[in-house]
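The same subunit A turns up in both complexes below, where it pairs with subunit B and then with subunit C.
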Partner chain A sequence: MNADCIIIQGSNMAEAHPVGFQWVVEAKLRGAKVIHIDPRFTRTSALADTFVPIRAGTDIAFLGGVINHVLSNDLDFREYVVAYTNAATIVSERFADTEDLDGLFSGFDPASRTYDESSWQYAGNEDAGGDSEETGARRQVASALQHESHGPGIDSEVERDETLQHPRCVFQILKRHFARYTPEMVERVCGVPAEQLLEVAKAWAAASGRERTTTLVYSVGWTQHSTGVQYIRTGTILQLLLGNMGRPGGGILALRGHASIQGSTDIPTLFNLLPGYLPMPHVAQHERFDDWIGAIRHGDQKGFWGGAPAYATSLLKAWWGDAATVDNDFAYGYLPRISGDHGTYRQVLDMIDGRIKGYFLLGQNPAVGSAHGKAQRLGMANLDWLVVRDLFEIESATFWKDGPEVATGEIVPEECRTEVFLLPAASHVEKEGTFTQTQRMLQWREKAVEPPGDCRSELWFFFHLGRLVRERLAGSQDGRDRPLLDLTWDYPVHGRHDEPSADAVLREVNGFDLVTGRPLASSGELRADGSTAGGCWIYTGVYAGGVNQAARRRPGSEQDWVAAEWGWVWPANRRILYNRASADPEGRPWSERKAYVWWDDELGRWTGHDVPDFQVDKPPWYRPPPGATGAEALAGDDPFIMQGDGKGWLFVPTGLVDGPLPTHYEPAESPLPNRLYGQQSNPTRVVYERADNPRNPSPPDEHREVFPFVFTTSRLTEHHTSGAMSRTLGYLAELQPAMFVEVSPALARERGLEHLGWATIVTARSAIEARVLVTDRLRPLRVDGRPVHQVWLPYHWGVGSGLTTGDSANDLMGVSLDPNVLIQDSKVGTCDVQPGRRPTGPALLDLVAGYRTRAGVASMAPERIVTAEQGRG
Partner chain B sequence: MITERSRLLGSLDPAAGSGYVEPPPRVGFFTDTSICIGCKACEVACKEWNGIPQDGIELTGMSYDNSVGLGASTWRHVAFIEQRVAAPGAGGDETGVRWLMSSDVCKHCTSAACLDVCPTGSLLRTELGTVVVQDDICNGCGYCIPACPYGVIDQRRSPDGDRNVGLAQKCTLCYDRTGAGLEPACAKACPTDSIQFGSLDELRKRAAGRVGALRAAGVADARLYGEDPADGVGGAGSLFLLLDDPEVYGLPPDPVCTTRDLPAMWRRAAVAAATMAAVTAFAFLGSRS
Partner chain C sequence: MWVSRPRWRGRVPAMEVTGWLRAWPLYRQLTGDDRLGRGVAVRSRRTEDLVARTDEADSVVRSVCPYCAVGCGQRVYTQDGQVTQIEGDPDSPISRGRLCPKGAASKNLVTSPLRQTKVRYRRPFGTGWEELDLDTAMEMIADRVLAARRDGWEDADPDGRPLNRTTGIASLGGATLDNEENYLIKKLFTALGAIQVENQARI
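Up next, the complex of A and B:
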């Protein structure tokens, strides 16, 4: 809303986030320019000032072109870059770039497809990087997800050249790395005319600097790629170079896809995280409490992860109360351990292989909503038991009797061994609690109506499940039952169904003094000595003063423009993170227009419109004493307080599995060779090479003409994800009443597709059918001298329940993952499109098998993943 | 029962013209289609609040418009229009796209023909200047349907068992919400404020300001629709900011209150009748003589 320019890429914000889009409209009414970059013209494009069509999966090449333009023309915000980023830091002389190694970085081990990071380190810190065995282990547990927020450790004192001239300083490395991302190259790779790239680059740079700020918006159109993390890194580099981080109207907005997906990352539903981004202990690496804590705080590192012992101890005290003592390392032994990849796709394959016996599904419909639908359903069909809690009888509860595999004979209902327990869930208006949204804002929700019949909240379900299990185990002398029996499981209940108090849970999450019971006001009050409890350190303060701060609803018209009294934002009700960067190194606002947080000399403290993201009494000229660690080691002009060196990272020396800089790789499935390097695709990506997870051929494989088109999937406003909450409602189902595929008029002509007729879309995994919408909103791009057709599918439909049913786009997907966070690359693949309906029954399997034979994927030769000259043998 | 006399009286305040003494300010909608994102929240909110039945799960292929048009069970309707336009920097090739979206609704005309033709008084002018149908009075004669110059009002035909099947149905401007100080459901649900509710005087000013701002920003085709009290319906209670000709959105370019000529017709009919009577009388009288 305060931005001068809004770049939306990898996001269909108007359709998938219509409520948040009101602020884009507001900014537009105030004069902001809106630019949308997307494979397809969407309802977001309709409101943008500029729309740039791009080939799916080439965003790093496009942004690399923007970075190249900024660096070649000295358009960066130089004072900001020198003071607040690691541009000046000198990198090890052992570092070699993709420029030198045909698309690989130094330290690559072709056998394990992992990197030894030591050559990526800052000069003099070469010991700090993990070897390839360690990075391989990190890939298994998606530890970049943890490191990203942990500010991986590096020495606080590093060699810098603030003239940015040293050939090994980050700034010069960046310049060389992106030098080949010229407008002409972008045109060849992305299909974006050079002049359109320059238009975007100029607009972005012109709306950045002292007086202006540009905001960058992305969603899962960026994350769901085999290079997803590096997409966002590229955006980060640009926003740091242009000085847009930590400032009003700037930043990078990662739009979350559901009402509280942010909340379920903060207090996680992920296998590798504990609340507040504390890593789940690894069985081999974190045997003792001190190993675990040491891995989080990285020894003498600067920054606020120095408080890790207090955060971790308070979490253990919140969960195990009096049973967590100094003598037993606060019951650290009770925490479950991970031993490797237990991500959702690994789990599905483990179900197919019979290694997982039981499964809980809450608010998730993987039979329709997750990549590789067939694997999802076959996995669930091989369980002993499956608990599904949902508002409706979703496909994930009925796959055994009416799923697509019943038609093909792959699942026989009479023989399917899975016992399904379908339990009705209360909807969000039938229970109280908080949502945490995209802005990290917690908003308390009252219960509006009683849930009907047997519908119950998740809180009720887990509380009473835990109660019953504990009753069953009562008196057990078995040591393995202690973690359950010692849990603090004493939430007050109310009402005729003994509903646990969500308010009491929020108090525990906030944390309290174990002696006085006083709710804590900030995470700084958490203690490592066991005298405080706190369920999620970043949420401490949400119950400050014994008041539910998330329930505040003072209207915007009754407060200032930052509106600090609307809900509560973690951490510490701070609306913009790293906002120290909104002031110059001396602590003065960069400009009056963009003033936000500044140093007040008279008061001797930081002040401004928001809660300063800095120690409030640390002056801009503060320099840490030698040997300082933690927060004390941050200088008065180190705004990025969670990073090991207090700087924004243009170059990432440690923490990422696939390289310190983003590099364009083609998607795992692509009809085109990589024009930038010999390395075709992300060499470190996670693959599960199995007969039931085939990949369409991509260069340098032969037969890729069998799957000549690019497809991508996303959402419509009218439906929600797998359609479980929208295909079941008449008012929504009638607005988008059928599964369809969007194709360009050119492709329709080429393949004989008729508007409103049927088309069959085929990959090596499956074939689905959809009604055809021929639209000018899709058009072939000219890429490297030839036309590339892209088709688009919504992924809301499934076979089974609902007022409207249809084939599921996710059945087309295989499983191939980003190596940093194990997210699937479900935003791009290759396919064939033919007119007419697909065959039914076993004939469908024959059709797909025929395609596999012609594409040469039936032979199951190992995938050729390492294709760079330097990586071969 | 208050009868509609506004058109005959030529009053610009239809409520006063209908006999309300010192009515509250006339209210209406301003729909700014330049910021509509086509989310259809207005359609859903309208159906939820007014208990309108679902009316057909069928893919039309008309872009993202699957509710087709206003009708007895669609009181807000979002039109989607895909246009080929010159792409910037493409040498005038029509490879660019423009996607217009616009949420249509009853115009709540100053001169409302549906009111004029209603034989039962079911169609009512409210004190707020809006036009509503009273379900319990409507006899389903259907006269109002061809009377509407916009094709807004219609008889509900399905589903079987719905209490209003056979009756004329259309937007009430949420009379049951506005009376309680709430804005209509569609305006409340609109995330971008494309749909605004308020006093018509205020909305007219806002609309004029917005069209001026858009034109100043180079959007030459921006125009208002329904704001002119001199138009064929005496000005609408629902104003629109459009980005193309009204026909493009399925709106009549020059709507005329279908009963506009009735007084003249009646006068002519009366003159004709009187003449006929006189001639007849003369003929009889003449023949006697």
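Up next, the complex of A and C:
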């Protein structure tokens, strides 16, 4: 609402986050300019001042063009850039860029498709980077996610040139790197006319700086790509160059799609994380407790990860209580070790291969909601047992009786061995607890009614499952059972179903003093000596003063615009992260208009509208003593307090698998060659080359005309993900009653598609049918002199349950993943579109097999991923 | 801004006239405040007698919409132990009383006749669902968890470094659940040695 310009890219905010979009409209009414960049015209575009249609999968090229414009015309917020980013830092002379290496960075090993990072390091610091074996291991475990809230290791003492003239300073490297992202090049790659790029770049720069701020909004339209992390990095570079981070009306808003998807990352049901972004121990890297702690602290670097020993010890104390002692490294040995990729897609392939016995689905419906639906269902059909906990009889519970593979004969109920338990779940009003929304705010929900029949909360299910398992193992002398038997699992229960207390769990998450039982007020009170317990250090404070802060509901109308007394935001109830950057290096607001947090000389402390994201009594002129580490080593003008050098990173010397700077690569499936470099697609992306995960041909492969069109998927306002919570509701099913595909009038003419008729969409994985919606919302783009047709599909439908059913867009997807976080590239692929309905039964398999034959997929040699001249060794 | 709705049970302007005349909408329109005849002047007795479910509720609790991550405030109205209405919470500084079509339909989510309220069981090679008692299901699942844990157990890697884990069990889900629930899920699975725990955040 405080923004002067709002850039929405990779998000259809008006339709996918409608109530959040009211603030965009409000800002617009106050004079903010709204720009929407997306493959398809939507209601977000309709309310924007400017709509920029773009070819799916080319956002880095577009944003690279904006960066180039900013740097070429000195439009950056120089004072901010010099003081608060690593623009001035000198990089190793061994660094070579994509400019020199045809789309690869220095340190590339073609055999393993991984980088040795040492040449990306800051000058004099070359030993700090991981070699290619280490970065390969990091790719396996999606380590970038482990760094979600902290910078990976870097030495705090670095060489800088604050004139930004040194040829190897980050600023100059950035300039050279993006020099080829000219408006003309952007037009060739993205299909965006040069003048439209310049309009966006000028508006963005004009609404940034001392007096103004621009906010950037994205959603899964950015994350679900084989270069998804680098998409966001490109946005970060721009927002840092223009001085928009840590300031009101600025920042980058990741609009997340589920009520507690932020919470389930903070308190992660993810294989590579423990609560508070502590890494799951790795068998080789974290053999001993000290290895693990050392890896989180990164030695002597600056910043609040210096507190890692206290965070980690308190977690172990919360889980294993008295059994976690100084002598046994606080039961560190009880933690199981990861050794590589154990992500959800790896799991599915392992299920197909018979390596996994049992599977729990907890409010999730991968038969429809995950990429490569066929693989999902065939995996589930090859388990010993499956437990589905959901509100409804979802497709993932019924694949054995009415899934698409039953129709094709690939799953025969009488031959399918999977034992299925469908356990009804309690709804959000039938239990109490907290969701963490997209801006890190925890909001406690009160319970309205008892769940009906056998419906139970997940809290109930897991508490009692744990109780039953522990009862069975009571008295066991087997060492492997100690972690279960020593587990703190004594939550109070209430009610006729013995519901465990969510309040007690939240108290444990918050942390408490083990001697007095007093809830801790902040993560600074956590101790490394075993005297405190705390389940998630970033949530410490949610129960400060023994009060459930997430339950606070002081009406917005009775508060100022920050509304600090509604819910609780991690960390420490700070609403804007890194808000020290809202003041200049001397601690004064950059401008009156954008004042947010500032240093008050008389009080001798930071103050302002929000909780300062800084040590409150550390003055702007503070300089750390030699040899200081952790928080003490942060200078009074180091606003990025989780980074090892206290700076915002334009250039990432360590921590990313696919390069220190974003580079445009074509999507894994693209009809076009990469016009920027010889390297076609992300050379480090994760692929699973198997017959059951075929891919459509892309340059330099032949036969790509078999799948000539680009497709992308997204949400409707009236449905939610796999449709389990929406296709089952009368009102919503009536509002959006059928699966459909949007095509442009030009494509409709080209392929003989009739409005409201049927179309069949085909990839190497499957073919689906959908009703046709011919619309100007999609128009063919002119890319590199030729028209490119894009089609759009919602992904909410599935075959099986619900008031409306239909084919699933995710059945079209294969699995290839971003190397940093192992998220699939499901926002762009290639396909064919034909008029009419698809064949049914085994004839469907014949249709797809025919396509595969014509595309040469069946006989395709191992994928040629490294296509850069320099990478061919 | 959110504006409080006019109450349905509005009052007709009191006048010294006979009842039948006062009941005549045109008279009320000409003599009262509602000169355009779009409000109380033309209200019928039936409308007068209507009462909103939100007025009759015997309790209201503060909740949060279960769909996307904006976190819109909800007020859940109940009567006799049943949810009778879910409204946007005007106090929320996030949503200011608004809900999108999904949030506005969430009473339908909770009260849908399609909801599963009984355990269903499909035995291996079965062709249909069977009924199963919840306690029995829990005992069966506990047995299967321990068996799968045992079958997939790995003490150490080929170099002898400790793994202390099982690859027999996998799990997917959490983004629609509460933080407290995710906490217990991760805690129990980790203690079991089960590492293959994932959710929508990877997707």
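Going forward, the second predicted complex is superposed on the first by the 871 of 873 C-alpha atoms of A that agree within 3 Å, B and C clash if a C-alpha of one lies under 4 Å from a C-alpha of the other, contacts with A are read in each partner's own complex, and residues count from 1 in each chain.
The rule is short, and it goes like this: contacts are C-beta pairs under 8 Å (C-beta built on N, C-alpha and C of every residue); 3 or more make two chains touch, one makes a residue touch a chain.
Remember, predicted model here, so these are calculated numbers, not experimental data.
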Handout entry: Simultaneous placement of subunit C and subunit B on subunit A, clash or fit
Key = clash
Practice task
Look at A:Leu803 in the shared chain and tell me whether it touches subunit B only, subunit C only, both, or neither; answer first, second, both or neither.
Solution key: both
Practice task
Determine, under the contact definition given at the top, whether A:Asp776 touches first (subunit B), second (subunit C), both, or neither.
Solution key: first
Practice task
In the three-chain superposition, say which chain, subunit B or subunit C, touches more residues of subunit A.
Solution key: C
Exercise for the section: Please work out whether A:Pro275 is in contact with subunit B alone, subunit C alone, both, or neither, and reply first, second, both or neither. Expected result: second
Practice task
Mind working out whether A:Glu718 is in touch with subunit B, subunit C, both or neither, as first, second, both or neither?
Solution key: both
Practice task
Look at A:Ser45 in the shared chain and tell me whether it touches subunit B only, subunit C only, both, or neither; answer first, second, both or neither.
Solution key: first
Practice task
Report for A:Leu732: first if it touches subunit B alone, second if subunit C alone, otherwise both or neither.
Solution key: both
Exercise for the section: Quick one: classify A:Gln22 as touching subunit B (first), subunit C (second), both or neither. Expected result: both
Practice task
Considering only the touch criterion stated at the top, classify A:Ala14 as touching first (subunit B), second (subunit C), both, or neither.
Solution key: first
Exercise for the section: Would you mind listing the overlap between the subunit B footprint and the subunit C footprint on subunit A? Expected result: 18-19, 22, 717-718, 730-732, 735, 803
Fill in the blank from the handout: Per the touch rule, the subunit B residues reaching subunit A in their complex are 35, 37-41, 43-44, 47-48, 53-59, 61, 63-64, 66-67, 82, 84, 88-90, 95-101, 191-193
Practice task
Using the touch rule from the top, collect the residues of subunit C that touch subunit A in their complex.
Solution key: 59, 61-73, 76, 78, 81-83, 86, 90-96, 98-103, 105-106, 108-110, 112, 114-129, 132, 134, 137-148, 151-153, 155, 157, 161-188, 190-203
Exercise for the section: Using the touch definition up top, name the residues of subunit A that touch subunit B in the complex. Expected result: 14-15, 18-19, 21-22, 25, 28-29, 41, 43-47, 50-51, 193, 195-196, 199, 716-718, 730-738, 740, 755-756, 771, 773, 775-777, 779, 803-804
